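Right after this note come the structures.
Same chain, two partners: chain A is paired with chain B first, then with chain C.
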Partner chain A sequence: MSGRTVVIPHLGRVEGHGGIFVRIEGNRVTQVEMDIFEGSRYYEALLKGKHFQEVQGIITRICAICSASHTVTALQALEEALGVKVSERVHDLRGLLLLGATIESHALHVFALALPDFLGYESVLAMASQYREEVVQALRLKQLGNKIQDLIGGRAVHPVNTLVGGFGKLPRHRELEALAAELEQALPVLDRFVDLAASIPLPQVKPGPTVYVALRPYVEAFRFRGVSLCTSRGEEYPLSAYREVIREFTVEHSHAKHAALEEGTTYMVGSLARLKLWGHYLTGRAKAAFQRLLPDPKDDNPLLNNWAQLVELVHSVERALEICHELLGQPEEPRDLVDYQVRAGRGIGAIEVPRGTLFHEYELDEAGRVVAANVITPTAQNLANLERDLRAGAEAVLVAGNGLSDKELKLRLEMVARAYDPCISCSVHLVRS
Partner chain B sequence: MADKPKVGIFGLTGCAGDQLQILNCEDELVWLAENLDIVDWVMAKGENDHITRLDIAFVEGVVATQRDLDALKAIRARAKILVGIGTCAVWGGLPAMQNELSREVLQREVYGADPSFLDSVEALPPSKFVPFELLIPGCPIEKHEFLQAVRALLLGTVPELPKVPVCWECKTRENLCRVVYFGEVCCGAMTRGGCGARCPSHGVACAGCRGPVEEPNYDSNIIMFADRGISWVDIAQKMKNFSAPVWLAKGLAKEVGHER
Partner chain C sequence: MPDRALVVGFGNPLMGDDGAGIAVLEALRSLALPQTVRLVDGGTDASTLARLWDGEPLVVLVDALARGYDPGTLTVLDRLALRELAVNQPHVHALALPACVEWVFLAEPRLGEATVVLVGIEPATVAPTHALSPAVAAAIPQAVRTVLGLLGLPNQAGQEPPRPTKTQDKRSSSEPA
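Take a look at the complex of A and B:
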């Protein structure tokens, strides 16, 4: 039986550089590889010996889209190592920063990277010819996320205002009022995007049951700051056990490591995983969007991650508005930075960031210099599961009909890969020492 | 340029932050699409033409693999105007910080025992390998500088980007000096401006992310920091990130070694 090989040498509309290789014999997919050829930057070597105050400015540059996520997670880990307790306001402001990052990242991915496939365009720019109003609105939502990051972090990409112990400069009340007004205006726009998503039929990809992993929120609500690591199989682990729970390994076709649970099961992190585990905590418009776009709790179609991100986009705007009002209820102050003593220590940071669970760990010596660092990114955790779903995606197309062209097959594979919103810069720059 | 110029936007190894800054020009993105014929942009488009000759090519990131170098040479060969965007493209940025360490050591530390499958070379700025018509620094680039560059290129000229140091911009913002008042290692006097002294305006010392200004006075800066009781180690560590060229970083590292 003659086989065929489908190769996507350089996958477009994702962050970073990767390709897909699929080998088909008859109606069977015999080989699936997500090749990651992004170069390595060896961040752990860059960090070793650096003073802890420099860690954030370096580690944020693993990836631009995830820069606020790396920043907040690194600060959490460093503060644990140093025994620093930040104020509730700092927690709220970091929460707001992450919501801004989530709005920006999800708006970029759902509207500009993923949606063109569903509407039959090669890019969001091409989409603008017929959907100009939608494209303008989508870009405005993305801009809103950037405005939040600019206001709280000091810059939309690679924040500068974020320090161990707090913030160099706090937003003024008039700035928060202006932001709240803009967030308010975004809500009806999001309703229209939920309507649009509900009208689009998703191609069926059935990879078989998926294990989802996400952090348990620190309160009984839908939150990105977590206290323990939970799986959809009902297991729960303390954060300190993350290295035992998540087993990393290298594969030859990838500059990024892969990950699986202890017994070798691949799993998924990200928006869909968070909604599978904690979707019942959603309130307001986000709850309504969740019930409408993801009605079947048993559906493991990875393409649903696109709609899960849209639900989180609604949640993020609603929650950002809540935080703005909370902050407006407090007195205006120029700076919030606690004093602390430098000491030796080890700390773990874990946050639910747009693409899934992000772990940072640092060990500092008594002078506050980095002795060891470890980062596990969401994309690295997802890659093994993504390859499994690429196989399912290809098989679903093959079962549907033999006459399908390589082009149709490629599009389906690309849609599955993009649904994971892979961040390849992040995945390659795993640090461990 | 009479017709819409054909444009390619490329990322070598890096954080994709400069391409993201282009996507962050939300108000201007539709204008950009109307005025530029963007034929090759893998980060933003599904269908890309990797062959057509380009009027303008934008490249971000460092050369960290053989594949990067091959891609860079191919881009140079097909582009009339090559524009480097971001500190990585201009100076090497963070990835070039530890170039004195061998790749083998780095690979062992990150990937474990036998990482023979890796394609990895010393991280260097693309501007070391091919000539560029224009270089726009920044980590990431400033949106207004990118847009200014596009407008100038559309008019057939090149933009005048600020050449003053961050320190100069900081003075115009009337910030308290991070060196004089807070005794910190601030790279503002050695670093090229254009950011509006963003970090000192947030009460944070300049990290030097836009790369060195023309003819930086490293010696005076180092003496100024040392006079305030800051150790050689701290000065070297901070200056090594972005501002100091490799020879200086190596010199500082040697000084640090002597002190120990």
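Take a look at the complex of A and C:
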């Protein structure tokens, strides 16, 4: 049987590097492989032997876009290991930091990396020829996310104000008032982006039923801090069981580890998963956007993850505004930092970050040095499911259009891969020409 | 030299030569530069330039720049050359620095009044390691001198500053360590 091979050696507009290999026989896809660099094993090795206070400086280098996410998750794990209990205000401020990270990450991905596909442009710069205002507003939204991280974390990338036990410096009321005013202004801008998204028909990719995984929020509301690990099949596990629930494995064709649930089922984490499990908790404009952009709860088209991110973007601005008002109702104080004794221990951190559930686990010795570290990123968890969806995406194109060119097929495959917003990244960013 | 200048190093020092821009920044920090020169670690996201820029008339960006030259080769690109790189390479990985900078120019037209220059260092190895490759490590002093030249400052040895680059794409070989 004659066959063809489609190779995308370098996946554009994905955070980091990725390559896709697809083998087709007739109208049948016989092989799909995606290879990326995913650096969590390297960083785990780097952390071993370091004092816990050095962890943040190293872990935030994993990724510019995800630095706040890694910081908050690492702090949660380290505090559990050290027996440190932080105040509700610290939880709120870390929540605000994560919302800033979500605004930044989703604005970059939805507007600059995914929208050009749907609107038929090669890049966000090409898109500016007809959608200049949208391109400008997209960067302003991303900057708003940076600004939140700057205010709460001490600087926009690689936060330094976030410490084990709390915050070395709290935002002043006048700073929170200024931030709240900017967040208010962002809401009508986001409404226009929701209108734009609603006008775009999504290509259909039907991979079959998908299992979604996300943390149960710590309160009955749409939140990124969670208390247990839930699946869309109705299972619920304590966070301490994450290593048994999530089975990591290596594959020959990839530098990155893949993951599946206990019995080998692949699964999806991220915005779409969170909305599938907890979208009913959304309120306000985010709820309206959710109902408009994702009306069918049974639709497993992975491209919907782009619109799910847009819904979360609206939620993040609304929730950040709520937290600002809550903090403005509290007395202004210079810092919120609890004392603690260094001790040996083990702790797990699990947070819903822009691309999905992020796990950090540390074991410390009596001196506070890292004896063992384990990091499982959302991208590593999504890879096996992404390969499944790439196969479905390729088959859908083959069935729909006889004689489709490799270029068209590649575009569809790239759209599926980008929908997962894989962050391989961050680690490598150099300029190529 | 201009009234004020911003120098931003980009890169990830945990990924070998990807950290070349940060290495140059650290070397500049060890010098007694005038307070009118602001040195900033930009991490790996060049779109933060929009927030880092504070009206400085001169902005020097330093980053690893893979163009297929010998490792350690320095390339100086002005605004036009950067734009060309962004437009001609729309699919370069994620939003690479040239595309990010163009995006920033679209959203912040005031930045167009500043002179923006990229000093690129050709990498040899971009992989998980703390260390720069020998060729790139050897190129750091010359990169520092190049930045000082762009700033109109004398180099460490007190020599006259190199002439600011005016061509769109000027390459110079790195010096041995």
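Basically, the second predicted complex is superposed on the first by the 419 of 433 C-alpha atoms of A that agree within 3 Å, B and C clash if a C-alpha of one lies under 4 Å from a C-alpha of the other, contacts with A are read in each partner's own complex, and residues count from 1 in each chain.
Just so we're on the same page, contacts are C-beta pairs under 8 Å (C-beta built on N, C-alpha and C of every residue); 3 or more make two chains touch, one makes a residue touch a chain.
Nothing here was measured: the structure is a model prediction, and the numbers come from that model.
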Chain B versus chain C as contact partner of A:R61, first or second or both or neither: both
First (chain B), second (chain C), both or neither touched by A:K50: first
First (chain B), second (chain C), both or neither touched by A:Y218: neither
Which of chain B and chain C A:R140 touches, first, second, both or neither: both
Residue contacts on chain A - larger count, chain B or chain C: B
Partner chain in contact with A:D117 - chain B first, chain C second, else both or neither: first
Touching both chain C and chain B, counted on chain A across the two superposed complexes: 10, 12-17, 39, 42, 46, 58, 61, 63-65, 67, 108, 112-113, 122-126, 128, 132, 135-136, 139-140, 142-143, 146, 156-158, 425, 430-433
Residues of chain C touching chain A in the complex: 10-15, 17-18, 41-45, 47-48, 50-51, 63-67, 85-99, 102-104, 106-107, 118, 120, 123, 126, 128
Chain A - residues contacting chain C, complex: 10, 12-17, 39, 42-43, 46, 58, 61, 63-65, 67, 108, 112-113, 122-126, 128, 132, 135-136, 139-140, 142-143, 146-147, 150, 156-158, 425-433
Parts of chain B lying in touch with chain A, wherever the complex brings them together: 11-18, 20-21, 23-24, 26-27, 29-30, 33, 38, 41-48, 62, 64-65, 67-68, 93-95, 97-98, 101, 105-107, 109-112, 115, 117-120, 123, 139-140, 198-199, 201-204, 207, 209, 234, 237-238, 241
Residue numbers on chain A that touch chain B, as the complex places them: 10-17, 37-42, 44-46, 49-51, 54, 57-58, 61-65, 67, 108, 112-113, 116-117, 122-126, 128, 132, 135-136, 139-140, 142-143, 146, 154-158, 160-161, 163, 168-169, 250, 252-253, 255, 257, 335, 414, 425, 430-433
